[in-house]
Each structure stands twice: as structure tokens, then as C-alpha cells.
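As C-alpha cells, here come the structures.
Shared between the two complexes below is chain A, which has chain B as its partner in the first and chain C in the second.
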Partner chain A sequence: MSNQLAISMDGVSKQYSHFRLDDVSIQLEEGGIMGFIGPNGAGKSTTMRVIMGLVLADSGEINVLGHAIPDDQARAKMSIGFASEDMNLYPTATLQWHMDFVRSIFPSWDQQYADALVKRFDLHHDLKIKGFSHGQKVKAQLLLVLARRPRLLLLDEPTTGLDPVARREVLDELMEVLADEERTILFSSHNTKDVEQLSDSITFIDRGCVIESQDKESYLERWRRIRFEVPEGSRTPTLPGVDSVQKAGRLVSMTTGNFEPDMPAILQDQGAVIHGVENMTLEEIFVAEVMSSRQGEAA
Partner chain B sequence: MSAQIATRPSRASLFRHLALKDWSLNQWPLLAYTFCGLVSLFLITSQNKVVYHSGFVVLISAVIVFGAHLVFSCVINETNNRTLPFVLSLPMTFVEYSIGKMLFAIGSFMVLWLILMGGIFLVTNSQEHMLAGMLPYFVITMGYLFVAFVLTLSVAMIAESHVWAIVVMSICNISISIVMIAIAGIPSIGGSMGQASANWSPAVIGLLSGEALLVIGLLLGTLFIQSRKTEFL
Partner chain C sequence: MTEEFILSQSDGRPMYLQIMDQIKLRITVEDWNPGFKLPSIRELAIAAKVSVITVKRAYQELEGEGIIITRQGKGSFVAEIDGLGRQLREDELDGYLVQALEVAESLGLDIGTVRERLYEIAVDLGKMNGDET
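Showing the complex of A and B:
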């Protein structure tokens, strides 16, 4: 992985009547794969659109592959493959028509790869798009994006609404794309399993604000759930840096995003009987982060 | 980086690609309307008054439907069918996309418009029973149809709403008979319609100039508003 930034967003804000993208800053190195996670309406698609120059930010700076956005977006788009759940292909045209159209604009179009993807995705190039299932439409979109061999892939919810088989096919293809270390990918999803599988860094967004952005491994490493029992009559032990505490009788489940190896011992010193220290899935962390962030806002 | 730096196609090339795309998706309906227009030219050569007047109705209808198809299929449907993100993911800005749309729509409309205008002049000069005094009146009416098309196109592009496009198109089409009556009521135009030669009076030139200025103003205004937009989807 090189150290050049494929995407650099600095202090980007955009005000809508009922929503604000607030001071969003994201850095993604060339060759990196970033999972962009957030609940529905968190600002994932708006952020993607800002990066593509499809929505102009009120403030902040955006640079994509060395091009200032939005001023130099046309040149940047030569090297960006963008697919979105909000995007449709022309229903009355065939996949072949779309392939010819995209090929006529992008000299980097790889026909051999496109043909291979048609087979792998089990698509019919002479069938009109309106005859495709949802999964086939998503795969067709992905094909048109991948076959132009872009340096940067921006995928907005690429697996949303797919059946398990189509989802597997799309993820497998993305896994192959990931083998190319020069290809940068930013993909948004509220499916944390996809993100956990594909990405090497993670950005959480909620209510228009980035609440965390870090490499995946150290991020997962930071989070733990400590389960312990409090003896009758004792107070629940406390620890600094705890994100949530759930109690069920004398059983306590403590979640922290700042885990230190000596934490269980500190709890034991306060009388707790440790039942276990568990790793958390990205989904569990995601929910904990969002809840913690919202509680912080409410306070 | 070993990845190649991709060179962006020229603007002219992009406009050509966009035009070819829209033509490819709409060629058959547009050719059908053009055929209807050509049939109307044949009908107005008839000395039978009913067929002659029917010819004019078909001609005006062909122009209106041709324009409506361009506006709805090429502009409104791009938004409604959510194909706009696909086009805007290509190496172009929103303003370039808007210019490309306008070039194709205006260009296509002008092809039919000029064919029918030329056809009327040809038919009038080749048929003894047709009076050339009608030509200024016809040209002003065709000019009005051009203005109505550009106005509908502008509203569709700016508002990106089929409701607004339908409202403007309906008003323009309902008012065409009023406009035609009003034009015929101008003495230097209505009084010359029964003459054997065309009278390109100052009133005719004034109206045609007004229509041309309106078209230019609408196009420039549309481009200005498009360039001020901050959200394109």
C-alpha cells in the first residue's frame, strides 16, 4: 500500500432542511479498503455523492486521486467507478448496449474481463435491463464499473437487497478485486458482516457525523465485553472508559472501546467475579458506538 | 503508481456520446413522429379543404408530440428512472451534462422543425392552389411551437419534475389556438394571408425576432440556473 491519499475529505459540511453532514473528515490511502458504516439516513450516500461531485459541499475540502472536487471532478471520474443502490441502468436497453456505451467513453475498458464477468455473474448481454432481477441489475452495474478498471471504487450499499447467492457472488468478486493492491475501495453498508469481511479500515457515521475512523484490526482489538457477577450487597464496580453497562440481577455485562489487559483484575479487586472477557463482532461494536455517541449527544 | 492516468474525452466527444445514447434510446418514436410530419406535408397538398386542414393539424401535432417525447424521455425519465446517477458517474460535470441534453434536444427538434418548415415552403411554391401569403403566419406559428418546446425543456431541466413539465406543456398547447387567432388578428399579417405573395412586414419580423430572443434567453437562463445548482441527484 502506498502512502498517497486516494480520498481526502477535510471538514466537509452540507446543510439540508432536516439533516446536516457535519464536519466530515475522511482519509483513505491508495490501495486501502474502507468500510463506511452507518444506520439508514446517517449520511453515507450524501458523503459518497460529495466525493463524486454529485452534491456540492457548503464547506470543507475534498481531494480525490489528486483532483480537487468538485472543480476537477470530470477528470477524477475517469479513474473512479461509482455504483449505488440509487442508480439504475436504462431499462429498455440491453446489457450489451450499456457495455458498448461505457466502453466508448473509457479507453481503460477491459473487454476480456467484462466477458468473464458476464459469465461469472450469469448475466445475459442481449437481455434488456428491465428483464433483469434486482440481483442481476446490481451485478450488471458492478460489471460496468469493474470492467473499466478504475483506480478507485466507490460502492454505495452494493449488497443491499441481494439474495444470499447474489450477495455471495458480489462479495467474491470484490474479494478478487481486492487482490489488486493498487485498487482503492470505499464502500458503504449497514451490513457489518460485509464490511468486516472486506475492509481493512472502518469509518462509522451517525447523524451526519463521523464518530470513528480507524484500521479494522486495532479497532476490533480495542473493543471487549467483560461479563462478571457482583456479590450480593456489593456495588457494581466502575471503570474509566466504559461505553455501556447492562445489568440482569447480579450479572453485569460491561462494554468498552478502550480495553486494557488489566481491566478484569481491577474489577476483581472491587469484588467482581469475572465470567469472561469476549471479543465483539463489528455489528455489536457498531451498535455500541452509535448508542454511546447518541447518549453523549443527549447528555 | 503503475496505473495509467486515464485521459478524459474532449467535451465535443462527450456531447457526441450523450447524443448518440439518447438517439439510440429514442430513435424509433422520433422517426415515427417525423414520418407523421412528412405525411402531413403530403396531406396539405390536397385541394380538399378537410384533408388540407387535417394536414395542418397533423403537422402541428407531430411537432408537439415530438417535443413532448424529447422532454419526457430524455430529461424527465432520466430523473424518474434514476438513470441520472449512472450518466453523472461518467467523466462530466452537471453543466456539461445539461449542455449535452440541450444540444441533443434542441438539435433533434430543429431537424424536424426545419424539415417541416422547408416542406411547407416547397409545397407552397409548387402548388398553385396554396397561397404564399400564408407563409409568414405559418412561420410565426412554428416559431411559437419552438418557443413552447424550449420553455417546456427549460422547466423540465430546472425543476426536474414531470408535474411542472406537464403543466407548462399543457398551458403552451392550450394557448396555441389563442396565439394563432391573435396573430391572424394583426392587420398586416391577417390581411395578407389571402394574397399570392408573402408579406414579410415589420410586424412579422418583430414577432419572429421576439421568438428568437425568447429562445436564446430561455436557453441562457436555463444554463445559468443549472450552473448554480448544488445538488444534481
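Showing the complex of A and C:
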């Protein structure tokens, strides 16, 4: 993988009356796929719109595919494919009309790939968009973006509201995009399973702040749940760097985002009987991170 | 060749471990023999529908275990070790036996009891004749 950055955001802020995107910094290498996770209203869509030049930041530096945003956004946009739930196709026009329209603007349009996608996504050229189901509309929008073969795909919730088959079709297609090492994807999702499976790196955002932005493997590796038993009447052992401790009778479940291999031994020295050291799913980590970050704010 | 890399959604273990297991399984059943050239990291990522970094991690771990060897600019190969498949089969069995011993230990059972139980279970399953002692 080259080390060239497809997206570089540095200290980007944007103030709204009831929301603030606060000092957001994200770096995404060319050829990589980043999953962007956060609760509703966390600032995922706003961040994507800033990258796309659709929202003007108050401060900070943004560079996309070597183009400064917003100054050089017109050139950047020729190579960015952006799809979002908020965008609508024309209800009374057919899919074919939309394909012809996009092709007339973007010279990179690949007709063969577009035709293949119509088949793979099980869509119809000659049907008006108003006759499409929700899933078909999502896939149609994605098709219009993919067939341009953009170097950077910005996909805001590409799998939300899709049935399992359609979701699979979309995810498979995203993996195919990555066969080309020079193409990059940033996608947001509520579905942490999708993100865990596909992403090279992960960015967590909550209440307008980036909580974490890291490569996925190192990130998952940092987190563990240690389950152990303490003898009756004795104190619960303690460790530095523990995020939460839950106790039920003699059984204790400790989660940490700073796992070190010697932790179980330290607990044992304090009288604990270790029952298990478990990896955590991205979903469990996500919830733990958001809770602990919010507690920190409240304190 | 690589198209059957299917990861289990219900397997709670990290995905890089599942990838490692699938590669080891191919070596165990001797579909991939010593010297076999593995798919590139990106090819396998696309086939298994997982991220490049996950496959990279799996390859690094397998290299650490000496099961595969990566040659700069040429790709990764199954290590040229005689009987590697058999060795992996034995390693797998050993893994289960170690687990069994650990459980026995936590239940306060000694190794003699474990041996007896193993024998009794084999008899119950009809894998051994109960008379031959």
C-alpha cells in the first residue's frame, strides 16, 4: 500500500447553533477502506459533507486526493464518488436516463461496468425511479457512483435499510473496488459488523469529536474482557487502564482498552481466579468507548 | 482456490485467526503443499471479503509460526518443511488435549483420571473394545 493520503483532515471545526464538529482530524491512506462509526447525530454526515466541499468548515485544513478543499474542490470532485441517503434521484426519470446524464458529465464513466452492475444489482434500465423499492434506489445511486470508477468513494450509510441479500451485493461490490490499489473508500455505518469485516481502519465519532481513529487490527487487539472470580470477602483486584468493572457476586468482568499480556497474572497475584480472557467485538468496544467518553465529559 | 474462504459470522474469534485456521486447514489436507504460492494479500482479502489489514495480520502471524515464508517482491509461500501437513494435524490435536488438561486441572482431576476417562469415552463411542486392557 502506498503511503499517499487520499483524505487528510486536520483540526477541522464547524459550529452550528446546536452542534459543533470539534477539531476533527482524519487521515486515510490511498487504497484503504475506513469505516466511520458513530451514533445518530454524531457528525458523520457533516464530516463527509465537509470532505466533499458541500459544507464550509470554520477552521482546519482539508486535502482530498492532493486537492485543497474547498479552494480546489471542483477538480477533486471529478475523482470523488459521493452517495448519501439525503440525495434523491428524479422520481419520474428512468435509471437509463440517470446513467446517460452522469455519463455526459464524467468522462471516466464505464458503460460495460454499469451494465454489469445493473444485472448484478438486479435493477431495470427502463423503469422509472418512483417504481423502485428503497433497496433498489440505494443500489441505483451506488451504481451511478461506482460506474464512474472514482478514486475515492464517500458513502454515507450505504447499507442502511437494505435487506440481507442487497447488503451482501453492495458489500461484495465494495470489495471489488479495492482490488485496485489506488482506490479508496470511506463509508459510514451503524452496522459495526460490516465495518469490522471490511475496514482497514476505523474512526469513531461521538458528539462532534473523534474519539478514536486507528488501524483496525491494532485497535481490536487493545481491547479485552477479563472474567475472573474473587474469593469471598476479599477485595476486587485493581489494575490501571481499566475501562469498566462489573461485579455479580464473586464473578467480575473487567474491560480494558489498554490490554497488556501480563494483566491476568497481575490479577492472579491479587487472588483472582481467571476464567477467561476474551476478545471483544467492534460493537462491544464501540458502546464501551461512547459510554466512557460521555462519562468523562460529565465528570 | 481462494473463492471458498468463508468466515463464520457466529465465530466469536478475531477474523485474522479464522483466516489463519483456513490456511492451516488447506495445508493440513495437503491442498496447499510446501512451496505453494499463496494468493496475494489483496486477492485473499477480496475472496474472503475481509479487509487487507486483516489478511496482512494473518500472514504475519503465520510467518511468525514458520508456516509460511514471504519473499520480498515475490509473494508468500508455504514453508518447505517435510510433513508440514501432518505436523499441523498433530498441533491441532495437541491444542485440544491441552485444553482438556486445563479443564481437568480446574476441576481438580489428575492426569491418570483424564486417561481413564479418555479410554472410557472411546469405548462408549465404539472406537475401542472394552475388553482389551
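Here is the rule we use: the second predicted complex is superposed on the first by the 299 of 299 C-alpha atoms of A that agree within 3 Å, B and C clash if a C-alpha of one lies under 4 Å from a C-alpha of the other, contacts with A are read in each partner's own complex, and residues count from 1 in each chain.
Going forward, contacts are C-beta pairs under 8 Å (C-beta built on N, C-alpha and C of every residue); 3 or more make two chains touch, one makes a residue touch a chain.
Remember, it's a predicted structure, so these values are computed and weren't measured experimentally.
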Once chain A from each complex is brought into register, does chain C clash with chain B or fit beside it?
-> fit
Partner chain in contact with A:245 - chain B first, chain C second, else both or neither = neither
Identify the partner contact of A:93: answer first if only chain B is touched, second if only chain C is, both if each is, neither if none is.
-> first
The answer to whether chain B or chain C touches more of chain A is B
After lining up the shared chain so the two structures overlap, which partner does A:32 touch, if you call chain B first and chain C second: first, second, both or neither?
-> second
Which of the two partners, first being chain B and second being chain C, lies in contact with A:200: first, second, both, or neither?
-> second
Report for A:172: first if it touches chain B alone, second if chain C alone, otherwise both or neither.
-> second
Using the superposition on chain A described above, determine whether A:53 touches chain B (first), chain C (second), both, or neither.
-> first
Figure out whether A:127 sits in contact with chain B (first) or chain C (second), or with both, or with neither.
-> neither
Angular separation of chain B and chain C about chain A, which is computed from CA centres of the superposed model and rounded to the nearest 10 ° = 150
For chain B against chain C after superposition, the smallest C-alpha distance in Å amounts to 17
Dual-contact residues of chain A (chain B, chain C) none
Per the touch rule, the chain B residues reaching chain A in their complex are 1-9, 14, 17, 21, 24-25, 81-83, 85-86, 88-94, 96, 230-233
Residue positions on chain A within touch of chain B in the complex are 2, 4, 30, 49, 52-56, 70, 73-75, 77-84, 86-93, 97, 101-102, 104-108, 141, 151, 182
Spell out the part of chain C that touches chain A in their complex, as residue ranges.
-> 7, 9, 12-16, 42, 45-46, 49-54, 56-57
Can you name the residues of chain A that touch chain C in the complex?
-> 1, 31-33, 171-172, 175-176, 178-179, 181, 193, 196-201, 215-217, 220, 278-279, 281
